[in-house]
Amino acid sequence: EKITPQAAFDTIEGTRRISWLDIESHDRNILQEVISLNRFHPLTLEDILIVESLPKFEVFDDYIFFSANMLTVDTNDLIAEEKISIVLKKNVLITFQEGLPGDVFDELRNKIKRSLGIIRANPVDYLFYQVLNAIVSSYSHIAEKLRFEIEELEDQILTDDNYEVMKEVIAIKRKVNLIRRHTIPLLDAVTSMKTEGAQFLRKANQAYLHDLQDQVKNILAFCNTSREMLRDIMDLHHTNQNNEMNRVMKTLTIVSAIFIPMTFIAGIYGMNFHTMPELDWKYGYFGVLGAMGVIGAIIFYILKRKQWL
Amino acid sequence: EKITPQAAFDTIEGTRRISWLDIESHDRNILQEVISLNRFHPLTLEDILIVESLPKFEVFDDYIFFSANMLTVDTNDLIAEEKISIVLKKNVLITFQEGLPGDVFDELRNKIKRSLGIIRANPVDYLFYQVLNAIVSSYSHIAEKLRFEIEELEDQILTDDNYEVMKEVIAIKRKVNLIRRHTIPLLDAVTSMKTEGAQFLRKANQAYLHDLQDQVKNILAFCNTSREMLRDIMDLHHTNQNNEMNRVMKTLTIVSAIFIPMTFIAGIYGMNFHTMPELDWKYGYFGVLGAMGVIGAIIFYILKRKQWL
Amino acid sequence: EKITPQAAFDTIEGTRRISWLDIESHDRNILQEVISLNRFHPLTLEDILIVESLPKFEVFDDYIFFSANMLTVDTNDLIAEEKISIVLKKNVLITFQEGLPGDVFDELRNKIKRSLGIIRANPVDYLFYQVLNAIVSSYSHIAEKLRFEIEELEDQILTDDNYEVMKEVIAIKRKVNLIRRHTIPLLDAVTSMKTEGAQFLRKANQAYLHDLQDQVKNILAFCNTSREMLRDIMDLHHTNQNNEMNRVMKTLTIVSAIFIPMTFIAGIYGMNFHTMPELDWKYGYFGVLGAMGVIGAIIFYILKRKQWL
Amino acid sequence: EKITPQAAFDTIEGTRRISWLDIESHDRNILQEVISLNRFHPLTLEDILIVESLPKFEVFDDYIFFSANMLTVDTNDLIAEEKISIVLKKNVLITFQEGLPGDVFDELRNKIKRSLGIIRANPVDYLFYQVLNAIVSSYSHIAEKLRFEIEELEDQILTDDNYEVMKEVIAIKRKVNLIRRHTIPLLDAVTSMKTEGAQFLRKANQAYLHDLQDQVKNILAFCNTSREMLRDIMDLHHTNQNNEMNRVMKTLTIVSAIFIPMTFIAGIYGMNFHTMPELDWKYGYFGVLGAMGVIGAIIFYILKRKQWL
Amino acid sequence: EKITPQAAFDTIEGTRRISWLDIESHDRNILQEVISLNRFHPLTLEDILIVESLPKFEVFDDYIFFSANMLTVDTNDLIAEEKISIVLKKNVLITFQEGLPGDVFDELRNKIKRSLGIIRANPVDYLFYQVLNAIVSSYSHIAEKLRFEIEELEDQILTDDNYEVMKEVIAIKRKVNLIRRHTIPLLDAVTSMKTEGAQFLRKANQAYLHDLQDQVKNILAFCNTSREMLRDIMDLHHTNQNNEMNRVMKTLTIVSAIFIPMTFIAGIYGMNFHTMPELDWKYGYFGVLGAMGVIGAIIFYILKRKQWL
């Protein structure tokens, strides 16, 4: 069932336990009410509502704000995004989702239910870390998938190259660029969390943040490496094209180099001059056929030695 | 109606309200008077008057100076620039425009009229942020437009490539370079605003500056990404050229490989030797025609297996 | 007329006004005397005398030293360099030139004469800034000139490409590299002036240094951009070469594809077999001519559809 | 024989000597016991168990944690990895290996046995440095091997180029990328050791850390250089391909340029016109043969001068 | 004559003058004795003995250690390296050479003998600077030589391009990479000397270090620029290859386009049909010859207009 923000915060007020409030809607009225109840900065409301945004971290007087897009691969092998905004107050964690079908925190909720001991016992900043971890993992997961695709593409281009490869390179490159575009500000955000967010994140949990930072750095490193790998694939494709061109040209040259001189000889004896002594020789014809054969064989042997055959 | 600077500042003096003075002229005399009345540094006058400049931020004893070029796309799809200079004093914001037709702050003025509550109630540094935001948005807007054009170009080159694509790549690249050239010092300016301008910008509004900084970073990231994308497009075009060359060469090779040997055979029996036994055979002609057909078919089959057909 | 260093410094001692001493000679004896009279560090003498050097800034106990090469475009469109060294003491500015014909500070001297009010009234560090400004402007001026040449080259390669373009690219690239090689240490120098030279440069004039720094940054940004633009021009030239190759190959293929099969047919009926029924047909000749025409037309039509014509 | 963690730590407790505990197993139960006995952070257990990880350094209240993958070249010339985790407490060094066959610290143990004087006399942080050194050396060793392979490949491509070179380039590039991926966080780790790990690493041993840092920097420098060298090799291969294409095309052009005009002449005199005066000339045939020879020789001479032969 | 380290240090102890001890041997026993006598860190011994190393700087309690390879060009135009290690104590400078024939400090010793006044009067850190200067100069010298070679290569490729150019590019590139590999840690070393070595290097001599740092930066800048220039040369070579290919293909196309159609016409009238009216015409032969001439001329004119001739 749905409850009003007022009711939700009343419930929270009444308890001394740490709380996680997950708002799965971008309805401006509801959000406005949440913002007002908590006296958040007006920019926070704007930041939650803008869907096409990059990861962002902001420290306010009595809360910190973080937003990023959760990435998932949809059924068409495309990357789908869902904006997640997180507000961390003293004892409350509020997450805002776009309200798309499918819940990105399912796994996390199960984890909470399973490991009541660890998560429930920890203060709210540990929960904050877990939510962040879920988001970053969604990036790592796609990066890993893309790395696999790139290596597969590389193997494929070494064995059987065709033009479609280029379309795949472009398609993967777009995805890598998408991830990279989000990861750079994400790294900024996590880094400034460590320094500026110190007030809200207990020192004991710094290890988790450090861990997150390493993960994000690795994703970024993947993006840079993969861009280079994709460039290599384009170069390899180019090399393959050149190789094929070389083979085609060699074939043409072989055919021409063997038959054009022989055709010329045939042309000579096809002339209609009245005085052509060879034509009267008894074995002229067979002699010429033999000469042609020898010339063709010599040319063939030369090309063979040049390793064109 | 036009009023003199003296009159304008007298009006401002008389009020305790925060004020925005928008000077839409680059008339040296008027500007000189404004500079003198406020005892600004002589460099400020020069900085306002130089039209071909890059974004700049400077802190003086009793005011801060910021200038940048507002970018708009004109009717010819070219980027038009208008220099905006901003001086922020304790209670007054003075903006200087070149005075070109069309007012770049129209939207902002409407916003002020509509949302009297928010902007009017805020001190002058909030207004400063709004003006900056209008400038940066003009960059974002063009960047977004260019991103769209680049992706369109990429799709186009994958389906139907022609030479005109290269001219478009060059045209877009020039625009990206223009934006990038302005964005790098703009980022510098916004960053040093956060540290050096602290005296004039209330801590409560730092969130807005942070927001601006993120926007500028994203524009810069776009520029870098787009340069790589344009390079990819050039590579793709190159790949397409090679593909077409390969197709042309294969066609030539196929035609040559099939007909040159057959023409050679025809040449042989076109020779005029007196003693050529085959010529007297009853079915010699048809036999040779058949042999030619078989040879042509074999070569055709070989090329087919090489997948050149 | 020439005066001895001793005499010059005696004159300076006697006055309380700020002074600018411009030494247009690299005569070691004279310089040695100047160095001794002022008790400068021995390295300073060496730094003044080395002509092939890069911009340099050094702080000593009672003076700061700066040197850079002034760049001008000579009549052969080549870049000429003249080493300028500057020593700024408490009340004296000493500049050292190589003593080449043409005086690089002419414009500045005129400015001083014209605007007695501003420059003369200001302390010696303002004069120092003006000299620096003259040097940096000489860089900006050439950078602007090169930017124009590059854009011109880019336009030219889009309309009418020829091989000479590559020679121009190389020539411009050398100039850009020259400027870049000087600009990087120049930026270092100006930056460390702001921090380390604080003792000699009044805070009130920091705005001028800031301005200089922006100018140098822009020159550097130009160098980086232009290197990329020149690479694009090389790529475009390469693309043009490929296009021309494609056109040439298509021409060859068209001629071959049309005439080789027809020539083969002519070859068949040029054979001398006794039994060739077609030869006796009344309209055999015209039939074959017609057949050739049809075949040629079909091939022509196929190539047309492939858009090779 | 195997001993339980409890027994091991009891032994350590009882002695005042520094101790090295090497756990060659990733059995979760054993590790869990070690973690509990020492009251390590839960993340440490996770970090030890994740095999596919990058180098990591973390400071906790009473210990520091470092993990990295040891690299060795296996019999198939592939790079094998074994995860090593190290925990440094006040007086105890605990290392965790995956427990693969072959012990990576053999050499180090021998060194300890041999040089009892140096290692045994030193506190535990010296031992920590020796373990780190063993890991970094495993990287250096492979980097050195790859550098050798790359230079060999470069020499090979200059003398005898073939397509297999590209496969080797790809294979080496993958290895370089693998090393690079590990080296970047390794450098981060060693750098933050110097600052954050100060509490556990005696100042007297800082020289060792500095030494390590230099080694890691050199490995990273190798990776960057080698990527450029591999790109050069690809470019060289491309250049070689073009050269071969040029040779092939020249051969084709020479054959065609010489024989096609001569064949045309033969074709002329093969025509069957009734009135062809040359046919009746006594030396017509020999004249034409001579003319063909002259034409062929002239064309040959022209091509010779163009240096195509 | 050779003296023992003990004797050498006794001599030094007895004097109050600053001393320079130059040890031209890598004999482990002698070095061990020097190390022991001065109570140096064991790593210092290792660092002196490793020949294949990169520049390194280390601060110890009572001395600083610096090592780098001196580069010289040998008679085969290859770069020869000699490891130089320097230890600077309060009053003694100890340098360690490999003991190769030829003494790298000859010039420096001459300088000392000549300019007794300057070097002898200065404390030991000035001597240290002079030794460093000798090493860095050996780098600058080679860099200057390579810059000259690269520009020569660039000129050469513009006038007369051949394949050997690529081998030279590779050879120079290897040298540049060698220098670059040493220069990067050298810059690190000199930079940390300025901050960490302050205790051993008098402030009055900081200007010399600053000077050194500038030199090293310039060498590094050269390396980066030259890598780009070498890439340009490779691109130019590639462009030249394409140009040659274009010329070859045009020649082939011209010959084919002119002669293939004419040969076809000759083929037509070489057919043996009984009814071929043209054959009986009196001027048929000359008419056809004329027609061929006209066709050839038209094609020639078309190709001329396409600027292929």
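Per-chain numbering from 1; labels A, B, C, D and E assigned in written order.
The rule is short, and it goes like this: a residue touches a chain if its C-beta (ideal position, glycine included) is under 8 Å from a C-beta of that chain, and two chains touch if they have at least 3 such contacts.
On a predicted model such as this, the values are computed, not experimentally measured, just so you know.
Touch-path distance (fewest steps) from subunit C to subunit D is 2. A straight line joining the Cα centres of subunit A and subunit E is 38 Å long.
For the pair subunit C and subunit E, the distance between C-alpha centroids works out to 23 Å.
Across the assembly, subunit A contributes 238, 242, 245, 249, 252, 256, 260, 263, 267, 270-272, 276 as residues in contact with two or more other chains. A ring topology is adopted by the chain contact network, closed into one cycle in which each chain touches exactly two others. With subunit B taken as the origin and subunit C fixing the direction of travel, the chains line up round the ring as B, C, E, D, A. Those residues of subunit E lying in contact with subunit D across their complex are 41-43, 47, 54, 56, 58, 60, 163, 166-167, 170, 173, 177, 180-181, 184-185, 188, 227, 234, 237-238, 241-242, 244-245, 248-249, 251-252, 255-256, 259-260, 262-263, 266-267, 269-272, 276, 278-280, 282-285, 288-289, 292. On the subunit E side of its complex with subunit C, the touching residues are 118, 154, 158, 207-208, 210-211, 214, 217-218, 221, 225, 228-229, 232, 235-236, 238-239, 242-243, 245-246, 249-250, 252-253, 256-257, 260-261, 263-264, 267-268, 270-276, 308.
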